[in-house]
Amino acid sequence: MAKKKRTSWIVWLRRLTQTGFFLLFCYLFLQTVYHPINKAGWGITFFFNLDPLLALCSWLASHALVGAMLLSLLTLGVTFICGRWFCGWVCPLGALHNFFTSLRGGRAKQKLEAGGYHSWQKAKYYGLVTFVVAAVLGANVVGWVDPISFFFRSLSISIYPAINKALVVVFTWIYDANPGIGPVRLTLVTEPLYGFLRKYFLAVEQPYYWGSLLIGTLFITVVALNFWRARFWCRYACPLGALLGVVGKNPLVRLKKNEEKCNSCRLCLVDCQGGATPDSLWKPSECFYCWNCKSDCPAQAITFTPSASQRCHSERSEESRSDSLVHTSERGSSLRCE
Amino acid sequence: MNRLSNWLGEFVHPPREARLDLGRRALLGAGLAGLGAKVLFGIAPQASKRSFNPALIRPPGALPEDEFLARCIRCGECMKVCPTNAVHPASLEGGVEGLWTPLLIMSLGYCDYECNLCSQVCPTHAIRQIEVPEKQKIKIGLAYIDRNRCLPWAYSKTCIVCEEHCPTPKKAIWFEEVEVRNIQGEKLTVKQPRVDPDLCIGCGICETKCPVKAPAAVRVTSVGESRNPENQMLLSNDNYGQG
Amino acid sequence: MPKIDRRDFIRTGVLAGTELGCGIFSSYALVATPTTFLSNAHDPQPIPQPPAMSIAHYRSSPAEPEGIAEEAKRLTRQALEALGGMNRFVSKGNIVWVKPDIGWDRRPEQAATTNPDVVATLVEMSYQAGAKKVLVSDNPCNPARLSFPRSGIQQAAEKAGAEVIFLDERKFRKMSVNGKVLKEWEIYQDVVEADRLINVPIAKNHNLCRATLGMKNLMGVIGGPRNRLHQDLGGTLADLAAFLKPRLVVLDAIRVLTANGPVGGNLADVKRKDTLVAGVDQVAVDALGATLLGYQPASIGYIAEGNARGLGTLNFNSLSPKQIEV
């Protein structure tokens, strides 16, 4: 395998942006509390407003739409241009799945198996159709699986109460047991820390919710599946990803491969997050624009540029397809870009 | 410009790489699954106009049930923000379709009289945005006293914690002073609580604070909720169409 | 809440017992001394004793919020000056726990919570008397995050320099109350460990015990299943009052709740009495508060019980309360 080169600055920017949006989501989550007097916190529904799937299905089912949710048109607009950039750069659940996927060790070969494109990735499109049809008929149940809704609900019902409980138990144990030597007690450190957490992070009172076990287990299962297949939820299940994949199936900004530079080393496949097969026929509806492939390519053969005209490509690919399928997979893509 | 028009044209005739390659049969199957799900939801007892789940107590400001289920995105914002931990995700109280929609469990929390946070945070306004004075007139249910468990009724002991906590300006819980005998045969006067169904808004603080546990001696059920003209028991209820 | 260990148990028990003994002794002494002073008019050199109780009444009844705020501040200051000043109760370096009624998610004009300016003035005066730290808190019936700001007490107390705290669940400890009804109960540790406890209730009607005043207000420093105490409010409140023994009780009767208490909600139930009562005898202060609401002190369970046990006297006139018009 060719030596891995230094990570591109765009990848660092993307990671920073993902982290930023993830932290923003968590911050808005924590802000969803009572503020004196009788205020809920500003802008806490930001991510829900950005979500075009929720806007679409709510409108279809109830024939009404909250004005703030028109912000989702922004998401759709950018998706036309940049494909599933939302999945790669903005979605907080996506960022979480990205993180857990990256925790997986394994050599490149194992990563390829787990990270390559699987035809089961089409399942999310069928799921999307099911939920959209249900919404047309008045059942807005997409909220069960929409990623923003799924993440917020899981945090609110299970994950945050669990973290809260764990912290309170630990700090209470230290307070009661009061370990230390002589006048030097652990509580000298832990009590100010506990006060800080109580003020800015911990819940006012330990929350307990019905259904927390089921919701928590589902969440943990979905996250754990990242260890089996890279970004499992995003590739196989996410209906928002499917919607964005449909809207963004012919984006303006496209992956361009320089055929002369490419030596079919397939390093671009190893860290591909969406399973978009950049080594052969690039699938825009699976691409998260994470820029890993561009960053990893030792020959610098990959670029992402705005490119409108693909007609000539499709004509050519029609020819080569009819020639032989084997030909296409042998040497990488036979497509040429202008 | 030419490139732009080419690009736009490609949405009609997508090039090979932009095709999703979804099977027609599979798509049809997916669509039918959506249809089938809706049909199955529609035959559940909860969809019947005659069936009311007493535990399906929706937050004040919630739209009538069909519209509510069409708007609610099951996100959990209302559950997170509720300051008394009263709002919980439903299991099957609202049918399968109502899974993870919000309902109030009064044994765990109650609806604070001066609060309207859930209606402030709902992203799709499935819980209408209402001001506090309007919220205070909306009934989400009705409390009833379980005379077999209530301390002054069943055990000749003093209590009325329920009346003490009732937040309505004219108390929805009133009491009658009744002479009872205790186990020693002594006569004593206890205050036995009663609920006024016209005044009670179903906020649930009585159930939450009742010293009798599992279940409490005063409980709230959904009957009388303002948003549902069918789920009523009184002739005198003038809340039809409200909510 | 873990049970405190044996050493703490004994220490607290001894502390409580001593407090109780001192309390009974001092209130008895206070009852005895003024009477002796008055009856011995021919005594060549009478030793002036500071009054046990003061009643401050405002001549006017302003309607605007600023007017009521000014009234509250002046009444509080005058009532305490009449008792000999805050220096009598707070010494230099003390940690003072001010316990207002912040029990309900209500606005100040609904008279379900203590007047915020009364609380703020007491905080100021405590600092002026040399207190090291003044803590203001309550264990309310509605969520604290809601009731503290809506009552106005959080803002007013913080402005006066107090540390307004939300109670920490871990600090409720089972303590030996050793009362007639309550043997032990969960009490907030920091209240018992504070140097001074100032009880600042508001006079309200209560449909179970007729009126909620100072002794009932002490329910805000305890935890556990408080909703069981109602089965014997007379006995349990007297037990708690005996255990906690506030150094000073300041009863807010500027606005009182005359019906549908203790939560209220109907502004028609709020009446202006424009009065503030301060005293060291918690039974006497409560007795006076009861009369302000129109009840016979002896008809209120915990007042009668407190009187019977010698915690104080319900015959407040025997203390010769100092009456002042402001």
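Here are some notes:
We call the chains A, B and C, going by the order they appear; numbering starts again at 1 in every chain.
The rule is simple: contacts are C-beta pairs under 8 Å (C-beta built on N, C-alpha and C of every residue); 3 or more make two chains touch, one makes a residue touch a chain.
As the structure is a computational prediction, the values presented were derived from the model and not from experiment.
Farthest chain from subunit C (centres taken as the mean of C-alpha atoms): A.
Just count the C-beta contacts per chain pair and the biggest one is A-B. If each chain is reduced to the centroid of its CA atoms, subunit B and subunit C end up 40 Å from each other. One finds 33 Å separating the Cα centroids of subunit A and subunit B. Spacing of subunit A relative to subunit C, judged by their CA centroids, is 57 angstrom.
For subunit A, the set of residues that touch two or more other chains comprises 34, 38, 204-205.
For subunit B, the set of residues that touch two or more other chains comprises 83, 114-115.
The set of subunit C residues touching two or more other chains comprises 143, 145-146, 150.
Subunit A contributes residues 34, 36-38, 171-172, 175-176, 198, 204-205 to its touches with subunit C in the complex.
The part of subunit C that touches subunit B in the complex is made up of residues 105-106, 141-143, 145-146, 150, 206-208, 225, 227-228, 230-233, 260, 262-266, 269.
Interface residues of subunit C facing subunit A in the complex, by the touch rule stated above, are 2, 143-146, 148-150, 154, 166, 168-170.
Considering their complex, residues 83-84, 112-115, 151, 157-161, 163-171, 175, 191, 209-211 of subunit B touch subunit C.
Those residues of subunit A lying in contact with subunit B across their complex are 29, 32-34, 38-41, 44-45, 48-49, 54, 57-58, 61-62, 64, 66, 68-69, 122, 125-134, 136-144, 146, 148-149, 152-153, 155-157, 160, 204-205, 207-211, 215, 245-246, 249-250, 252, 281-285, 308-311, 313-314, 317-318, 321, 335.
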